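Some notes on the structure that comes next.
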Amino acid sequence: MGIPQFKEVRRAYGFDDVAIAPGSVTINPDQTDIAWSIGDHQFKIPVIASAMDAVVSPDTAILFGKIGGLGVLNLDGVWTRYEDAREVLAELTSAPLDKATPLFQNAYAHEPVKEHLIGDCVRKIKKSGVICAVAMTPQSTKRYAPIAVEAGADIIFVQSTVTTARHISKSYRGLVFSELVESIKVPVIVGNVVTYGATLELMETGVQGILVGVGPGAACTTREVTGVGIPQVTGTMDCASAREEYFRKTGRYVSIITDGGIRTGGDLCKVFASGADAAMLGTPFAQATEAPGRGFNWGMATPHPALPRGTRIKVGTKAPLEQILFGPSNVTDGTMNLISALRMGMSMVGALTLRDMQQAELVYAPDIKSEGKVFQMQQGRN
Amino acid sequence: MGIPQFKEVRRAYGFDDVAIAPGSVTINPDQTDIAWSIGDHQFKIPVIASAMDAVVSPDTAILFGKIGGLGVLNLDGVWTRYEDAREVLAELTSAPLDKATPLFQNAYAHEPVKEHLIGDCVRKIKKSGVICAVAMTPQSTKRYAPIAVEAGADIIFVQSTVTTARHISKSYRGLVFSELVESIKVPVIVGNVVTYGATLELMETGVQGILVGVGPGAACTTREVTGVGIPQVTGTMDCASAREEYFRKTGRYVSIITDGGIRTGGDLCKVFASGADAAMLGTPFAQATEAPGRGFNWGMATPHPALPRGTRIKVGTKAPLEQILFGPSNVTDGTMNLISALRMGMSMVGALTLRDMQQAELVYAPDIKSEGKVFQMQQGRN
Amino acid sequence: MGIPQFKEVRRAYGFDDVAIAPGSVTINPDQTDIAWSIGDHQFKIPVIASAMDAVVSPDTAILFGKIGGLGVLNLDGVWTRYEDAREVLAELTSAPLDKATPLFQNAYAHEPVKEHLIGDCVRKIKKSGVICAVAMTPQSTKRYAPIAVEAGADIIFVQSTVTTARHISKSYRGLVFSELVESIKVPVIVGNVVTYGATLELMETGVQGILVGVGPGAACTTREVTGVGIPQVTGTMDCASAREEYFRKTGRYVSIITDGGIRTGGDLCKVFASGADAAMLGTPFAQATEAPGRGFNWGMATPHPALPRGTRIKVGTKAPLEQILFGPSNVTDGTMNLISALRMGMSMVGALTLRDMQQAELVYAPDIKSEGKVFQMQQGRN
Amino acid sequence: MGIPQFKEVRRAYGFDDVAIAPGSVTINPDQTDIAWSIGDHQFKIPVIASAMDAVVSPDTAILFGKIGGLGVLNLDGVWTRYEDAREVLAELTSAPLDKATPLFQNAYAHEPVKEHLIGDCVRKIKKSGVICAVAMTPQSTKRYAPIAVEAGADIIFVQSTVTTARHISKSYRGLVFSELVESIKVPVIVGNVVTYGATLELMETGVQGILVGVGPGAACTTREVTGVGIPQVTGTMDCASAREEYFRKTGRYVSIITDGGIRTGGDLCKVFASGADAAMLGTPFAQATEAPGRGFNWGMATPHPALPRGTRIKVGTKAPLEQILFGPSNVTDGTMNLISALRMGMSMVGALTLRDMQQAELVYAPDIKSEGKVFQMQQGRN
């Protein structure tokens, strides 16, 4: 057109936009290796439960650990604000939806976090013998992190909607990640991030992992409210590019953990095909029989007093956690037996390890138009 | 294919097509600077209420001014045709929809604009101490503009569906913007425009601002009726390109104001990320308790006698104007607390000023397929 | 990828995919010139009624002519098969839809075309003083065309789903268009076509016009049944490229007439912005009070005995033909006052003539995601 | 953007994404030649019935053969597990859908395949005089293939969700296709595959045909469960590229058979326009009066004990098989008279043979936005 271009608009992809191409080699699913590690901690499965109050309680953190994964406890939520968090959860999940948002705003603003409850939670988890991970916002980190580590926490997640290595604030001296990493002796995982540049800068602070995902989760409306967000496939690919670049330069391998929007085995496979080292899931685990959310889920930005960016959604209760992860599945939509689905996806791609799976070919093939599906929509399923 | 191409078809983007990438720096929302100015007039918030009869009355113009923004009074609407405009509005908003279009055609054709009402409206607004802006069509400008300025109007908006610096007409000598700018001593803002070339030519006439938007508003069906229209992100980017080019050449900075289609905080953030200096909103303000439209809205082309290009739509009444702009919000879909949403979006991008926000990275990521949303559609929200 | 590409897949655009960019000049709608001509025949409006039984009867052909347009009578339909076609139409339009297809197959197969009825129809139209156009399939042309011309027909349309200058058949000697053009002395218009190459070859046979459109009409399912079809914007642009190339080489200007899929003023404007010289409409005219289809429409392939590629659709009855074309409109969706919409679109683009309108800029901007529309879908319209 | 790209994401197309451009020559449908052959076996129509239990029984295999096509009997299904398979099918198709998946898992796991039933089935088919084709998984091939060939089977299909020439397994020595091809003397057809590289390697083992399709069928949810799948148009084009490359190098022509997702005549035409030599259909034949599925269909992965990737869908019963293939059709959506639709599509493209049809031009033109369709959705059809 000859018009000077104001800015380039790059194509970004989400889970429903892409499909994985099978490989030229196939392998038996039971030969796939899906272990991963962070620092000295090894996990049998590359799946982490989100630091959401409806997903991870001290009890389910223990359950996730025993099963071979990791559940991250939210230190800014109900478990550290209330002696009897279950009562509060019962209230939050029984109110009608049109009254839920103010109730949430109130439940989180009313009661402060209590330091002794942080210690209690961590000790309870550690006592069971599993690895203990806790999450907090950057604002809370200087206060909560030492308490949690002192009580025995093994991994610290520092998490806000968007986190960078350079935060500008007048009101308080921002958290300096390089100081945090040095001062506490456990691995630090930071997020959320979706861009190459921010990931590279955060890696340079010495953190051990990066959480990828702004705007994608089922319980999150950040993109509606602020317009900010990157679909998960592109977000993961860009952050994985930063990991490769950083690894090439320094020899240190920092994990990329995709967080949010993963509902099916297909999504889980795509996370790794996009370059992730592990995946953080909320909603699928909120559907577990053992989940504290009693069939509901909500994001950490839901209770924001002035600008809530999330909502309580009914997710239903599906099956015990172990069945959701390892099957057997009695549904065919990919929402159960996630780990077998990952192994089967890897087997079709010919990926022996998760690192191999990162090399899988992706195509842009929006699911909404995929053949057969239209037929099913038209005919219904009997 | 080897076939000679008849014409190039460029990709154009609307709000739902794009998302904003977060930055490598983040800042506290309360440190963002969202002031803007036109001529000598400074505004605390970069948000303007549309010159629609259902949105801006003399009373709400005052309210917008006191709140730090700007409300533009339509001089071709009911406020200058009827002594008692509220009675007419009551009639227009209580008729059943299938009878509304003829009623609208009649209400606007039946009663002529009265010059003394122009003066009365302007004086009422000025008396309150706020900046007074009025809008008129190019055809009415030679007659209304001097009356309005004489009565104290501070800013003149000249607005039609599509406006150019070169209008060809046999029946009347077209409005010459350079003459208008010279003859009246207040800033002139002209629109609507969506292309680079037309914007550049209008800037050269000396106007101080350009309204961007053809076809996008909720109450507008110009694109259905005539096929003409450019989605707002591309329209804004192309006009912003013209502003940069004109500024580079002349040193004079002419404001780009995106007008139409903005419903959420996300849309508002995208307006600035697309290059705008300010945003003009209709429907979100028609939802204010104080709005004269009583829960309805309609465009200025709705009453067209032969070819109505808009319809009365029910928008509902949501909250007082101040709460819509500044919160607190008790909804999570981004339609409330728009100013906090803008500040939060800027904070994630690391934009201290609106001029910084214009540099934000945009990606093409159609919202309809965004992860999580599909889930919500399938499950409903309880 | 390094994979050899089996074939290139070019992007093709339909009406809902594109929007027209306004121009840098605007003109008054009443100054636009929308006349067009074929051979020596001049028409006030560039709109032709389709040779469909539900649209053009001898009576409505006269009506179209008096209004300044052209209605084409189908010589393979009910008007030349039955003495009392209205009775058959009443039967076809009152049967339930699930029984309609066999009924159609029967009604058209049962009764042969009668040559005296061809003459009667043509003479009736001619007697009224308007230009008379008739349509027939390539198979019928050698037989019907001389009869029609002898009776006074002014223009011959030769029309099948896909027509080329080179048809291969064992069972009969194909129609040779150059011979037809030479033997009958009236202009010949041929279609349907959607590609550059086929258009160029047909122009070289001496025909005066090309009908563009395979698969797009509301009453046509050719694309579902055979996969063959090109969306109308791309089809029109490619055929217009052929017209320009042929005109450049020979100095003879052959008209491009886009046929099918046009429902709104917006579609009509896009037809010309895609390069057409005239537009052929079915469904909008089937909605006229005077239409013989009594609120229904169907394509010429609907009665196919073995492979029907169309269906009877209920289109409703909207308004007198004159109001559909010239208004006033009391709806806002663009389906009424089509000619004013065309003039208004041209005025926004700054196009004085249809030939100017062919130069308008098009952008790719799928309508389904256009701002505001989503809002309306969510809220409903009250 | 200057960001290193993690991986390229290529655009992939499905049936609903593309349309076929008509050619510059047209031919009479009855002059098209749609025969194809595999090894010494010639078929009148290039259509194969899927090895699904709801589609091909010994009886319908005979019927397909007599009609001029080929029906493939699944040797891992009910026909070789149960003496009275019809009883099991009655049970599977009468259970409510929410109880179907476990029932399927049980029906296939409970009863082993019996070798004498393999022989019985093959002999029954051969006795009728038609060509006999049987399908089995790679795991079953060493055991079943010799039995089937011994009993008279003419063609062996080796089929799993994704098949490659190099399968890695610890638990058993994988099937070596070159050994299989050498040891049994009948043509071997292998699948499913969707990529260039895997196809090329399989062709080098000496197989005679390749089945294309991972994830597309109506009864298959592999893409939901594992994320793996390629839309059929791109899958077919990439495998056809491999066929051309292999043919150029070796002079041996290996057939590409597109399997899954074909519902209409339009889809069938697109299969050949994408480069296929034959098409394998499930659901359209499950709709035949004679189909053993009694109005239902399901994929071979539906009964998977731990990770079912398919579901039983109600497809209804439409017409006798012969009418589905050869008409006459009394519907207009392309789901009946598939062979006439293929001939009509070829006639519009000007393709005398299937090999010509492979040269047809394809455009990217998503069907969901095609003109007219939106109208029908809005208005309903009466």
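To keep things simple, chains are lettered A, B, C and D as they appear, and every chain counts its residues starting from 1.
Quick note on the criterion: a residue touches a chain if its C-beta (ideal position, glycine included) is under 8 Å from a C-beta of that chain, and two chains touch if they have at least 3 such contacts.
Quick caveat, the model's predicted, so the values are computed rather than measured.
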Touching chain A and also chain D, the following chains: none
Fitting chain C to chain D on CA atoms, where both chains share a sequence, rotation angle to nearest 5 degrees: 90
Shared interface numbering between chain B and chain A [over half = same, under half = different]: different
Inter-centroid spacing, chain B versus chain A (mean Cα positions, whole Å): 39
Cα-centroid distance, chain A relative to chain C, in whole angstrom: 55
Two or more partner chains touched - positions in chain C: 1, 10, 13, 15, 267, 361, 367
Chain B partner contacts - residues on chain A that touch it in the complex: 1, 3-7, 9-17, 97, 101-102, 105, 161-171, 193-195, 197-198, 201, 214-221, 223-232, 234, 260-263, 267, 283, 296, 302, 305-316, 366-368
Residue ranges of chain D in contact with chain C within the complex: 8, 10, 13, 15, 18-28, 30-31, 196, 233, 237-238, 240-241, 244-245, 264-270, 273-275, 327-334, 337, 340-341, 344-345, 348-350, 352, 359, 361-365, 367, 369-372, 374-376, 379-382
